[in-house]
Structure formats: C-alpha cells, structure tokens
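Heads up, there are several structures right after this.
Presented sequentially are two complexes of chain A, the first with chain B as partner and the second with chain C.
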Partner chain A sequence: MDRVIILECVLASLLRFWLSHSEYKQIIADRVEVSTPVNSWKRVLEGSVLYDEGIDPYKGDIFHETPFILVVSNWLMHNFSPTLICLIFIACDILTAVLLYKTAALFMNELFLKQEKEKGGYAPGTEDLHVTKDDIKTPPIYVLSAFLFNPYIICPCVAQSTTVFANFLLAATLYFMAARQRILCCLCLSAATVQSIYPISLIAPIYLYFYKPGQAIKTFLILVSYVLLFIAIFLFAFAQLDGGSWNYLNSVYGFVLTVPDLRPNVGLFWYFFTEMFEHFRPLFVCAFQINALFLYVVPLSFRLHEEPMLLATSLTALSAIFKSYPSVGDVGFYLSLLPMWKHLFHYMQQGFFVLCFLIGTSVFGPTVWHLWIYARSANANFYFGVTLAFATSQIFLITDILFAYIKRQFALAHGLERILDGKEAKLILD
Partner chain B sequence: MGLLTDPTTGQGKIIQILLNHHGKICVLLFLSSLVWFVLLAHNQFNAATYFSENALLPGLVKGDYSDDGVAKRVMEELEVEADAHQNSIPQSWIVAKFRQFGLDTYLHNFTLNYPLGKKQKYTGTNIYGILRAARGASTEAVVLSLPYRPPSSTNPTTLPGLALMLGLINFFGKQKYWAKDIIFLVTEHEQLGVQAWLEAYHGISCGLGGAVDYGDIDGRGGPIQAAINLEIHGRRLSRIDVKISGLNGQLPNLDLFNLVHRMCAKEGIKHTFYNKDSSSHPNDFVGEWRSKLNTLVSMVATQASGVPNGNHGLFHRFGIEALTLEGYEHGNRVKYITFHQLGRVVEGIFRSLNNLLERFHQSYFFYLLPASDRYVSIGNYMISLGVSVAALFAKSYVTWLQIQINGKRDTSKPKDDASIKTLKMVAADDPKTLNLVGVGSVILMTHFLGMNLLYLCQKFTSLGYFSTEDSLLVVLASFSIISLVFPLVIKRCFRISNNWILLNILALNELATLLLCVAMHNFSLAFIASTIYVLPAILIDSKKNSFYKKTLWLLLHPLLLLFWAVLFYTGFTFMDLSYLTILKRAVSATKTTLVLSVVDTFVYGSWPFTVATSILLPNWLMFWWVLIFSESRDCMDQASKVTKDKSKK
Partner chain C sequence: MFILFTILFQLIFSVNTFSNLYSDSFHEELLIKRLSSGHVYSYFQFTTLWNTTLDKSTFDHTHLWPRSLGEILGYHNVQELHVSLTQGLWRYQNWGYPVVEAPPGAELWVWFKPDTENVEKEWKLLAGALSGLLCASLNFIETSNSMTPELSFRPVGVADISNPVNSSFLRYATLPREIVCTENLTPLKKLLPCDSKKGLSTLLNAGYVHNTNYHSLGLHFRQTCSGKYCVNPVIELRQTVSLVYDLSIVEPINQDWSIRKLFGVGVGSGCPLASSSRIYVDISSNETGPVFHLTPNPDSVALSMRGGYQSTFAVYDISSAEKLFNINANYRKLSSVPLSYPPPLYVNRYIAGYGQERGRIVTKIHNKHRTPLKIIYLENIPWFMPIYYHTLKVTANNRNINPIQKRYHPGKERVRPYFLEVVLEIPARTSIEVHFEFDYIFLKWQEYPPDANHGFYVGSAVITCMLPVGRNYTGLPPEASLISDSWNASQQGYLVQLRTESLILTLPTPDFSMPYNVICLACTVVALAFGPLHNITTKRLQLVKLDEEPKGVFPFPKE
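Our next item is the complex of A and B:
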C-alpha cells in the first residue's frame, strides 16, 4: 500500500511540475474559476511588492490576503527562486493529500468498529450492506487519488493560488478531528478560519466528535473558548506582523463579507449583486452570507449527529458552493473527500447527471467566457448560466449523498424489503 | 424534493424503455438531427432578416457619390504603376495618392518568423491613411480595407478596388458629417498583413511563440467599430458576393450583413451570398428549398474549415464586425455594375456606420444563412446538434445503468424482483471491477501526449531531417501508429483487466461535451464532426465489438479523415485524371493542409488543429482502447455456443 501512495505522490508532483513549467500555467492562473481577487498569486506578489516599497497594501484594492501570507510571500520572493516557490506549493498539496489519506484511514477504521458494535441492532438480511474488512482498505487510497489527480486541485496548485494553503489547513483540521487531538484540532480550525472565515462552521462536527455524554455544555464551552482564544491570538499576531495596524481586518475579512469586487467567478454572488439596486445590498449580503456560513449548521447537525465526518464534508461543500469568492480549489477539496462514503454510492441516483454536468460546465465555462470577453458575441448571462448549472449540480450531489446516507440507515434498521400494507412503498424526503 | 429523492426515479418506465431499446432510440435521435438540419432550409424553419439596430438608419439619406471620374483616372495610372512593380506593392505611389487626398498616411512594417522548419523570415509593408473625423474626437473608427495583389499573384487582381477606394477617399474627404475616423488600409501578403496590422493597432499578439513580429504603428484612431473589405476584380462587374465567414468560424453581427444587403438592394446591384442570389421561386417549393439548402451547406462547409474566406475574417476576434465585398468581373452581360453604383453602396454603408451610437450588439452573432434575406437563429439550428449529442448522452447513460444492474439480468428473474433492486444494489459496481486505475492512466496518458503533439511537430520540423511537409506527416503518422499499436501490445503482453466500461462512458461524455463546446464557437465544425463521429461512437459496445466496427473506427482516425476529405475534394475537382494521379495529388494536398493548419495555429491563433490533436485525437484513442479490449463478437458467439452445448449434454 505504501508503495502505491509514494508512486501516486511522485506522479502527481511530476504532473504539477510539468504544468507549472508549460505554457498552460499562465492560462490556468488567469482563469477566473481558479484565481479570485482573494486567492490570486498575482495579487499576492503585487501586495508584497507594495510592502517592500513601504506602502500599506491594505489601503488599496489589490491585496486581500492575511498579513501572514503577505510576510511569508515577501520573504519567499526575496529568498527563493520561482521554481522553488512552485515546489513549495506542490509540497503543500502533497502534504494535504497525505493528511486526507490518514483522515480517511482513521475514519474508515472507526466506521468499521462502530458497525461491529451496532451490528446487533440491524435488521436481518442486510449483510450485503455491511462494510467488510476489505472495504475499509481501499477508500483512503481513492481519497488520495481523488485529491492528487483532481483537475480542480491541480489547477489551483499550478496557478499558485492561496487556496492551496487554505485546503492544507482544512485537511489538518479534519485530520486532527479524526485523530481526536482536541487542542491541535482547535488550533487548525482557528488558522483555517482566519485564513478564509467559512471553515468556522466546522465547529459543529468537531463538537460532535469530542462530545462525551454528560459533559455536553462543558465540552462546548471548552471548544469555543479554545477556538476564540486561538483566533484572537492569530488576529493579534497578524496586527503585529502588519506593524501594529488593524487596517487588514477590513481589507481581508470585510472584503470577503461585504463582497465589493464583483468580478465574475464560479459563485453565485457576482451576477446577483450586479443586478441589484444598491439600497437592498446590505439585506442581501446578510442573507447570502448567512446562507453560506450558518444556515445549514444546526439542521444538518441534528440529522447527522451520528456521522460528524459526513457533517463536516457537507458543511465544507455547502460553503464551497455558497461562499462569496469561491474557486474550483474549494470544490475539488470536498469532492476528493467523497470516496470515504463509497458504501453509500449504491444508493446515489444522480451520480451520472452530476458527472455529466460537472464535466460539461467545467469546459463550458471557459468557452462561454471567451465568447463573452474576447469574441464579444456572448454576454454575461451565458456565463452566469454555466455557473448556475455548476452550483446546481453540486447541490444535487450533496443532497444525493445525504439522502443516500439516510436510505442506508433506513435499510439497516428496517431490512431491504420495502413493503407497506402489502404494497411496494416509496421513500420520499419531505 | 421528489425529483431529488424518489428512489424509484432510477428505474422508472422511461428508463426501462431506454434500457430495452437504446440502440434504436440513439439511431433515431441521430437521424432526426440530420432531418432537422435539412429542414432548416425550408422557409417554415427560418425567418426573414430584419434590422435590430435602429441607429443604423440604413439608406435614409440620398447617396451623393457621383464623381467616378477620379476612380477611372486613377485606375489607368494604377495599372501602369502596378506593371512596374511585378512582385511588390507600389508603396510610394499609394502613399503619395493618400497624402494628395488629405489623409494622415502611415506605413506599417511587419515580419513573419516562419514557425516551422528553419525559421525563415518574411517581411511586408502595409499602408494606411486615416481620415480624421470632422465632428468627433477620434474616439471611434471604421475601416475600409483592401488586400493589395501584385500582378505576379495567383489570386485575381484587386486593383479596381484600390481605384474605387481612392475615388471614395477623394469624396469622403470633402464631406463634413463624419463622426468617426475612417481608416483606409491597403495590406500586403493577403491575410498576414491584416493580422499584423490588427495586432499592431491593438498592441497584442494572437499567435503562439511570437510568429508574427507585428512591429509598431504611429497613427491610430479610436476603437474600431466595423470594417469593410473590398476585393473588386474588374471595372465592370456582374455581381457582388458578400463573404462573412471568419477565423475559427466567427461571424459578424447580422445587422452588418443586413445593412450591406439593404444598400445593394437600394442601388439595384445584383448581390449574392455563396454565389446565390436571393431570388425566390414562389411556385416551386422543392426548387426553392433545394437552392436554400445548397447555400446553407456551402456556408456550413466554409465555416467549418475555420479559415477565413476573406481578409474580413481576422477582424472578428478583435470584436470588430467585418465582411468582404467581392466583385466579379462581368462576362457577357449587357447590364453591369459601375464604380458609380458600387461607390454609392460603400458610401451608404459608411454613412450608416457613422450613425452608430454603440458597437454592434443588438442582432445575432450566431446564425446560419440559407439565403441573403433569410436567417436561422441559434435556437433553431442548435436543436440539430443537441439531438445528436443527446444520443451520445443516452448511450452513455444506458451504459452506466448497465454497470449498475450488471449480473441481475442474466439470471432472468421475474420482473417483480426488480423492484427490490433499488434498495439492494448488487456489488457489481464495485470500483475494483470498474478498473479505475487503468481508465485513469489511459485518459491521463492520451491527453498528455495529445497536448504535447503540437510542440513535438514544431521541434521535429526544425531538426530538418525531411522537408517541412514530410516531417509533419512523419511525426503525426508515427504518433498515430504507435498509439494504435500500443494497446495491442499491452493486450498481448500483459494480462490486464478487460473491463473498460467506464472508459467508454467517459469517452462518450467527452465527445458530447467537445461537440457542444465547439458548437458554441463554430457550429458548422461541430455539426460536421457530429455527423461523422456520433453514429460510430454509439455503435461501439463496451463488451463486444465485431471486426467491422473496429475497421470503421480505424478509418475514422482524425488523420485519415483529413485524408479522406482531401481525397474526396481532389477526386471531385479533377475527375478526368487517373486514380493513381488523384491519389498522389491527395497525399501531397494532405501534407500541404497539415502544414497550413499548423502555421495558422502559430500565426493567427486558429484552434482547429490544437483541438484536433489535444482533445479529438485522445478521445478517438479512448474509443480505440475500448474497441481493442472488448472481445470480438465472433469469439463471444463461439463461447456461448460452447456453453449451450455443454448445458445440453
């Protein structure tokens, strides 16, 4: 098994290295689907040059990354050659992949143990549905491959977008969650949150992981205070890095939350807010951000409290769809987690359509973009249509996997035959 | 949420029908796509053209151009001057004339670094003059362009066009109503000159690797709104042909085409589109339909090549609406078109363009024209492609379903049991049996190689072992042969899984997506590709294929396909030659076509070659891989016979 992992990592690194040094690199880096105003490497370099010149990069509208990235990229720019910087990005990606692999391995193990424990409660005749010892070996490898050879992951890495780091922090959070390392988990969650805000919703699955019966409130308070403490430390440290100034708060987090830059991306914000009357803006910004940040946390936590990892994945996925400046890097991250639920795939029904739509829209987006921006024969509606289809297919995917989970639980509890009053019954989610 | 969550949707009645009759359904879909396309030529399925842009106000003013004496005089001078410069452009004479008529005149030098072989350099010079707008601040411009062809050129002369242009310059210069700069552009080396000039004007390079060194230009107007290209072959013309097809199949806004149509009609000039005029046959339905279909097919054939059929085609990618007026010398007709009439047409067009308040955006950019006064909009013609793409998706969906219910069918259980299936999917779709690793590596490998093929071509030609033409063919042919034989070798030497269903599904999806995306840019190319590839792709089965299917697919290899097309064309053009001569000519013509398409990729940034090598060829190889690893039908029959015999015993 180890040999397979190393082989895959080497192959994936070579692929990324080749792409980083081919003429495709610039094309990929310039794609709006890959580089948003927040994560674009071009803007990071711009910011660190301003920093060198003694100009506060947060006063302008170019740079929206954290002071940590600013200082590190500045240091990298001075001390490392572009090839080395590209290697750092590749290494970070590989590290993320390995973390995800370990997360998946821990999760599958746990799943198996849990099943063995609960086996008595299952309905007879459901043996086909059980996870076998063999079944738990392969998914981690699939998670690894799905991450390493995912075009949605390769592109951001080649374009050197900072999503690579955000993904790394997210993967670390998930790993420490699965490994039940409370402090490290909170640390990584805080780091991921200060990097891109939206991971804060992961506090719900983390709470479910560390929750012990009888200590509900205590665990919650401890977790929240850890996270808040770490976030405060990070923010304070950032201010120190930026020379004691708090300007960055508005330029980094204010930018993400109030969405002033409406350059098109794969998300749903830009079109909506270009069309809207200005005085409704605050209302809809709040509505959209609540949708991306909190709306699904409570209901999904109630439904999926037995499966916090699935909860974490679906929350990550939902924020990747609904966040203000999404890029394909976010989409690729949660897609590569899905093989962990290989045992649910039997129950998924939209798989084919989702596959077709994801492939189709990924190719169609740049095509329509070219017609709109360069050939001037199409318009914004074409591109928005494609991003809407992209988002819709992702929503189908998430709904499908969640419902597959519920169907499997139902089948385990009630057996495979679905007969109600002597007639065939239908399962419908209301 | 019923749509999302009803578990029976996967096994509904429609799905059952699809499963049982997918072959027929797919073929039916494919055929209906062809039928729909043929129907588009009928008046019921296309619509009369109309003006969307009101600002154009076409033909509302009385034409003033009457002085064609200047053009005639200039023509005589020009003929003498052209004879003195057999191979080059009479630069000083044209510059002097431009200046005499009061234009800001500039020269533009450019260099072509020939991208293949030994990297030779070619140089050329464009001449252009700007008539500064009397009533504007040079914020917008329109272009009247003309390819200069020296007497040694093989193409028909354009000198009369230049004479007309000079006559118009003289006239335009005296008018006070111009609100946009008018740029008069005389280019050298056909399309290359225009490309270099446009790149210099906008300061960007479109090709790859700096093939065109576009140099620098001194004078500019504002952003160019529209361009008219003149190719007038004689002083007395029989008709004007309007050409619109641009680089990569891009078309100008339909309003511009309508404008030209309207102005020609106003001046009573016989004008044609693909050499057909728009005369209708009110009583002859079949005749009318056939003549429109003929025009439609001509347009599709031209557009599909992605090569512009005039210098106007290069303007499109800069967001400039442009078309060419080509005037054919009259034969024995008594009634002919004079400079006077043609001058009024151009005057009318430019006065309308002068009225524009915004750039062209109202009317269609995506259309097909069955006649110069009828159009088919994107909503109508896309159906024909959509239906054949739907056949691909249907086939791929059925294949997907077949994986899921694999094994269930053979046991021929009563149908009632099938309902339980939704909750109890068999383990046949276990990813292990899907051969994920194999499928992944094939996809990765084919596309990686395909993406590097263009680079490989360029490197190999620069080595200089063969002539440029030969070395291109050698690279492509050897690549093709190696990639063809590779799966055969793998199959012989290694015992690897013969389960490539997933590859089949992905290949079908990729082909469908490719066709749809290409159709957004160049419907004609996508439609022709779909008529060629969809049916064979549907026929390919992921489990068993007859020898004939493999042969058919082999004959459809992109490289061979190019050869068939060229052979067909050569055979059609030179019917009286012997077969062997035709074959020889076809081979050399194929080589030339390859070189031209590679050069076009480097110089103009045209994409058919890139798409063919980096997506179509890998996709073809994916299907080939499926074909090779599927068992022959004969073997299957024998095997099933043997098992039957055994069961009898």
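Our next item is the complex of A and C:
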C-alpha cells in the first residue's frame, strides 16, 4: 500500500515539475480561472519587488497577500532560484495530498468503528449500504489520487498560485481535526482563516468533533477563544512584519470582502457586481458574503451533527463556490475529498450530469474567454454563462451528496424497501 | 478735517495704485516657420507683462491684464500656471521642437504658493474655475487623475530662494480625451486686450484654425523680474496659439503659402494697446533648403546665433500698418523636398500585445546626438491601467540599462493614478526602449463612457532633457518673455519636455443591456443552492403512499 502512495507522489511531482518547466506554465499561470487577484504569483512578485524598493505594496492595487507571504516570498526570491521555488510549491502540494490521505484514513477507520458499534440499530437487509473492511483502505488512496492527479489542483501548483498554501492549511486543519489535536487544529484553522477568511466556517465541524456531552458550552468557548487568540496573534505578527502598520488589513481582507476588482473568475461575483446598480451594491455585497461565509453553517451543523467531516466538506465546497475570488484550486480541493463518501455514491443521482458539466465548462470556459477577449467575437455574457453553469453543477454535486447522506441514513433506519402498510410508497421530504 | 484727510489719503493711495496699474505692457508676436516636412508652423504669442507683485489684491484693478483670469489666480494662491488645449500630435521627428510643448488633449500644471493650506482643494477648485473660463472639461481634473511629479517639473519663473522647491505644491494632470474646438478659442481671444477686433488675433479664424494638422492653445502664467539685477517683480502671462498647416491641403498645387491662404484674411494694423506687434518669418531655410521669396520685403532681417546654429528671421512690424496686407512666400523651384534632419532627441510610445487581457507599454527614446543624454521619464498611467513595476525594463539593443533613479507610487482604483518617474542616461546615438506590463481592467458598467468600445485615453508621458545643442530648438530662454528675446540667447542647456503620443486602451466591456438579466441569473444560482439546502436542513424524509401524494395547485386528470 505504501508503495502505491510513494509511486503516486513521485509521479505527481514529476508531472508538476515537467509542466512547470514547459511552455504551458505561463499559459496556465495567465488563466483567469487559476490566477485571481488574491492568489496570483505575478502579483506576489510585484509586491516583493516593491517591498525591496521600500514602497508599501498595500498602497497599491496589485498586491493583496498577507505580510507573511510578502516577507517569505521576498526572502525566497533573494535566496532561492526559481526552480527551487517551484519545488517548494510541488512539495507543499504533495504534503497536502499526504495530509488528506491521512485524514481520509483516520476518517474511514472511525466511520467503520462507529458502524460496528451502531450496527445493531440498523434495519435488516441494509448490508449493501454498510462500510466494508475494504472501504477503510481504498477511499484514502482515491482521495490521494483525486488530489494528486486533479487538473484543478495541478494547474494552481504549476502556476505557483498561493492557493497551494491555502489548501495546505485547510488540509492540515482537517487532518488535526480528524486526529483530534485540538490546539494544532485551532492553529491551522486560524492560519487558514487569516490566509483566506472563508475557512472560519470550519469552526462548526471542529466544534462537533471536539464536543463532549455535558461540556457543550465549555468546549465551544475554549475553541472560540483559541481560534480568536491565534488569529489575533497572527494579525499582530503581520502588522509587525509590515513595520507596525495596519494598512494591510484593508488591502488584504477589505479587498476580499468588498470585491472592488471585477476581473472575471470562476465565481459569481464578478459579472453580478459589474452589472449591479450602484445604489444596491453594499446590500448585495453583504448578502453574497453572508451567503458564502456563514449562512449555511448553523442549519447544516444541526442536520449533519453526526457527520462533522461531511459538514466540513460541504462548508468548504460552498465557500469555494460562493467566495468572492474563487479559483479552480479551491474547487479541486473539495472535489478530492469526495471519495471519502464512496459509501454514499449509491444514492447519488446527478453524478453523470455533474461530471459532464464540469468537463464541459472546463473546456468552454477558456474557449469563450478566447472568443471574448482575443477574437472579440463573443461578449462577456458567454463567459458569464459558463461560470453560471460551473457553479450550478457544483451546487448540484453538493446538494446531491447531502441528499444521498440523508437517504442512506433513512434507509439504514427503515430498510431498503419502500413499503408503507403493504403498499408501495414514495420517499419525499416533508 | 478728518474727512479731508481721508480724501487726501485716498487720492494719494489711488494715484499710487494707478501708477502701478499702468506699469503693464502687451506684446503680440507671430512666428512663421516652414518645417522641414513641408508643413508651416505658425506660433502666436500674446504676452502681457505687469510690474507688480502677486497677491490677492493685485487683480482688484487691472488694465491690460485679463481680470477674469487674474482673479482666479489670486484667489487660488497660484504661483505659476500652465494650461494647454491641443488637438493633434506634435511630430518631433519631422518637425523639430515647438516653442511651447503640449500633449494631445488638455494639460494643466500648477505651482501653488508655499503658504497654500489645502493644495488638494485649491487644485480642484482652480480646475473648475479654469474649466468655466476656457469652456474646457478641466472640471474632470481631480485627485484620481492628478499627480505630483517630483523631478520633471520645476517652476519656470522666479521662485523665492529662501523656500527650497517643494514639489508637494505642484499638481499635474492631463485630459487626453479633451477635444479642442471653437468654444475654447473664443474665450482665449476674449482674454486679450483687443479681443479679436484688432491686431494679430484677427488672424485666428475658427474655420482656418481648426483646419490644421495640429493646433494648440496655451496659457502660461509665471512670476519673473526685470532690471539688471532682477529686482523688480513682474508677472507674466503668455497666451499662445500654435498651428501647423499641411500645405498639401491648403495649397495642393505648389508649395507657396501666404497669410491669406493660411488664415483667410490679410494682416491689418496691430492692436493699439500693444507695445509691439511683429511678425517673424524664419528664412533660414533659404540657405539650406528650398529657396523662397517674400513679398512684401521685410522691414528688417534679424540674425540669431544660438547653441551653435544660425537662424535668420524676416521681421515685419505691423503696429503702424495702415491697411490690410498679405505676406506671400513664393518658392522658386517646384516639388523640391527638403531633407528631414531629426532633432537630437525624440520619442515614440505605443501599446504592445494583443487581446484585452494584458499588454505592454513601450516607449522608444531616440538619442541622435553624439554625446550621452540624461533624461527624466515621467509616466502618467491612469488608475484603470494597473502596471507591474517589477516588469519595468530599460533596454538598448537588447542590453539592459540601469536607471539612475526611479520613483514609483502605485496607483489605486478610482483614487490615484500610477506615478512613475525614471532618470536615465541614453548612450550616444542610441535608441532605448522603456517598457513595462499592465493588465486590462474590468470596470463597473456605469463607469464606461458612452461609446465604450472606442476605448479609454491614456495621457502622454513627459520626457525632460537639457539638450546641449540648439539645433531645431525654438523655445524661449527662462529669462525671456518675447520671441525676439530668444535670438542670440545661447544657454548652457536647452530644456525640452517632449510629450509622447497619448494612447488609446480598449478595455473589455460588459453587455450594457444585461443588468437585470445578470442580477436575476446570478441570484437564481444562489437560490438553487439555498432551496435544496433549506429543504435538507428543515425537512425530514418520509414515506408517503403513492395515492396520498399531495396534489399540486393544478390537479391534472390522470389517464
């Protein structure tokens, strides 16, 4: 088994290394789907050079990374060659994959143990739905493969977008959550939050993981205070790195929250706020950010309190769909978590549909972009249409997997047969 | 007794003011020069000089000085003001250097007095006031398109030696899209003491002025001094009109030109209020280029040796002319093409790259001189053109040149333009390229101008240089106020501030007819997630008998 992992990692590294040194690197890095204003490496370079010249990069419009990335990238650029920097990105990606593999392994193991414990309560005849011993071994490998060979993950790594680091922090958060390391988990969550704000919603699944009956409020307070403390430390440290100035807050977080840059990306914000009536802009910015940040946190936490990992995946997915500057790196991250729910696939109805749409939009996106921006025979609506379809297919995927989960739960409790009082019945949400 | 004293005092005071009031003079001059490309350059300069100090009460009473302009200058604490309105591009390579440089569109740069409290506010108000005075859209000048060049611009007049030059009192802005027309010429003429009734300004007929390849109106106000030791303060206003005629349009058959052909009327007598009214025709090319003959004969001929180059001018004094007359230039030989001899320094600028995603601005600066030249390159990038400073490169024949100094302030969307100033040394007889990358930006739909696909104008860059030679140079020396003062005025260096081409940037546009559709569609997608998630989280799965299925609003009969 370990040999498979090593082989996959080596293959994936070679693939990334080859792409990074091919002519495709620049093409990939220039794609709007991969590089957004908040993660593009070209902008990091710009910030780093401005930092060298003693000009505050946060005064301008180009640089929106945290001071930590600024200082580190500046140090890297002075001490490392471009090849080495590219290797750092690859290593980070591989590490993320390994963390996800371990997370999946821990999760599957736990799921199996939980099933063994609760097996007595399941309805008879539902053995087909059970997690088998084999399921402990294979899904983690699938997770690993889905991450390492996912084009949505390879592209950001080759383009050296900082989504690679954000994904790494997210993976670490999930791993420490599954491994029940409370402090490390809070630390990683805080780091992921200061890097890209949206992971803050993961505090809900983390709470569900560490919650012990009878200590609900205490656990909650401890977790929140840990996270807030770490975030405060990070923000303060960043201010120190930036020479004691808090200018970066507006340029990093204000930029993500108020969405001033309307460059197209795979999300819903850009065209919506291009065409928005000025009077309603603040209202809709707030509505969309609430939708992306915490609208679904509480209701889903109630519904999925038995399955915090699924809650974490759904929240990550929803923020990847609805965040202000999403890139395919965010999409690839939650897609590669899906094999953990191999046991739900039986109840998923939209798989084929979603797959076709993902492939279709991935091909159509660059095509209509070319028609719009280069050939000028199309217009913005074409690309907007593709991003809408891309978002819709992802939404279908998420709702489908949640439906599958509740259907399976229902089947485990009530059996596979849908018969009521001897007559054939239909399963509906009511 | 007291009343008598007051009257006496007022009398003394007013005599004092009036003696000061009449210490002004007005000069009108016209320089006509045949450019080596065959175009005819005519440069009008109306100079008002006034021996007075500049303060708020100076312009309460004026004589020859335009009071409307004076009041604005006094009110906004202006030390020096330069405004130009230009249509067309000055082609340095073929035309040499003009007397006053101006970029396409409108340009305004102002030095405020060092005691100005709120420069930003005065700048905005001044631009608004000038906009009304000149009927130009200068009111669009605000902080988001103005900057404070640190090296390129210095006061051209006299400055207080005890106050070191502090560029925080300087503001510079261009409006490259400004279209210059009759409505700007008329207010400019109204500022003249004789309006367009008498004098050289009668030649400025809109129909002919706007037929030109290039025309530029300018107002230049500064403080200077008179006397041997520069002790008497003088304020100076130069109103300029530069016109470049293409003779192949004016006179397609031969190369002859005359005042009547260029301006539609002959010259009458000068403005009676003017101390001097003169026309100068540059006849230097009679020795080197195509030979022409002037009728009537000039009143005198002036020789000027400047910076190692000799020029000859035919001088006509029109102050005492009694009736309309014409100045005619007849060429001896037809169809002789003069050799174009490029000036020591000229520049081209363009946008490279294709598509509307990312591009590159390339500025080519050509040094044709035999020694290296030091230049200051001032880039004026609007906020909607985010540039990458780290891609800034200066190359000469694919070899990198290290700038001597770089100043950069990153811009901010809708707030501040990108400011870049680079000091360079161009090797002798070399062309260098200054280039950097930028991104095309996506604006909100209401920020696009009407006819959005026409594109956005990007103002000219300014290249400042002290030329060591006076070849092709016609500018005035700093201490001079009149064109005739520039003759035989050899200097250490000859300041040129070249304005490059302005650029047009076609930003990608959204579909302007779509706001409702886009808002509806995007909200629908959000609702697509909200609906099922709401169902999943609030409802529970139940088995329902097939025949007990809840009926819809419209129960369709089953077969």
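By definition in this document, the second predicted complex is superposed on the first by the 425 of 430 C-alpha atoms of A that agree within 3 Å, B and C clash if a C-alpha of one lies under 4 Å from a C-alpha of the other, contacts with A are read in each partner's own complex, and residues count from 1 in each chain.
We adopt the following convention: a contact is a pair of C-beta atoms (placed from the backbone, for glycine too) under 8 Å apart; a residue touches a chain by one contact, two chains touch by 3 or more.
A quick note: this is a predicted structure, and the numbers were derived from the prediction, not measured.
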{"item": "Fit or clash between chain C and chain B when superposed on chain A", "value": "fit"}
{"item": "First, second, both or neither for A:360, with chain B first and chain C second", "value": "first"}
{"item": "First (chain B), second (chain C), both or neither touched by A:253", "value": "neither"}
{"item": "Which of chain B and chain C A:346 touches, first, second, both or neither", "value": "first"}
{"item": "Partner chain in contact with A:145 - chain B first, chain C second, else both or neither", "value": "first"}
{"item": "Greater chain A contact set [chain C / chain B]", "value": "C"}
{"item": "Partner chain in contact with A:30 - chain B first, chain C second, else both or neither", "value": "second"}
{"item": "Which superposed partner A:374 touches (first chain B, second chain C, both, neither)", "value": "both"}
{"item": "Vertex chain A; arms to chain B and chain C (CA centroids, nearest 10 degrees)", "value": "60"}
{"item": "First, second, both or neither for A:122, with chain B first and chain C second", "value": "neither"}
{"item": "Touched partner set for A:399, first chain B, second chain C, both or neither", "value": "both"}
{"item": "Smallest separation of CA atoms, chain C relative to chain B, angstrom", "value": "5"}
{"item": "Footprint overlap on chain A, comparing chain B with chain C", "value": "374, 376, 396, 399, 403, 407, 418, 424, 426-430"}
{"item": "Complex contact set, residues of chain B against chain A", "value": "1-2, 4-10, 208, 250, 316-317, 319, 359, 361, 365-366, 393, 396-397, 400, 419-420, 423-425, 427, 429, 431-432, 436, 440, 444, 451, 509-510, 513-514, 516-517, 520-521"}
{"item": "Residues of chain C touching chain A in the complex", "value": "354-358, 383, 386, 388-390, 406, 408-413, 439, 441-446, 508-511, 514-515, 518-519, 521-522, 525-526, 528-530, 532-546, 549"}
{"item": "In the complex with chain B, residue positions of chain A that touch it", "value": "15, 23-24, 128, 138, 142, 145, 149, 342, 345-347, 349-352, 355-356, 359-360, 363-364, 367-368, 370-371, 374-378, 396, 399-400, 403, 407, 411, 416-418, 424, 426-430"}
{"item": "Interfacial residue positions of chain A with respect to chain C in the complex", "value": "30, 32, 42, 45-46, 48-50, 53, 55, 57, 59-62, 260-264, 268, 270-278, 288, 291, 295-296, 299-300, 302-303, 318, 321-322, 372-374, 376, 379-381, 384, 388, 391-392, 395-396, 398-399, 402-403, 406-407, 410, 414, 418-421, 423-430"}
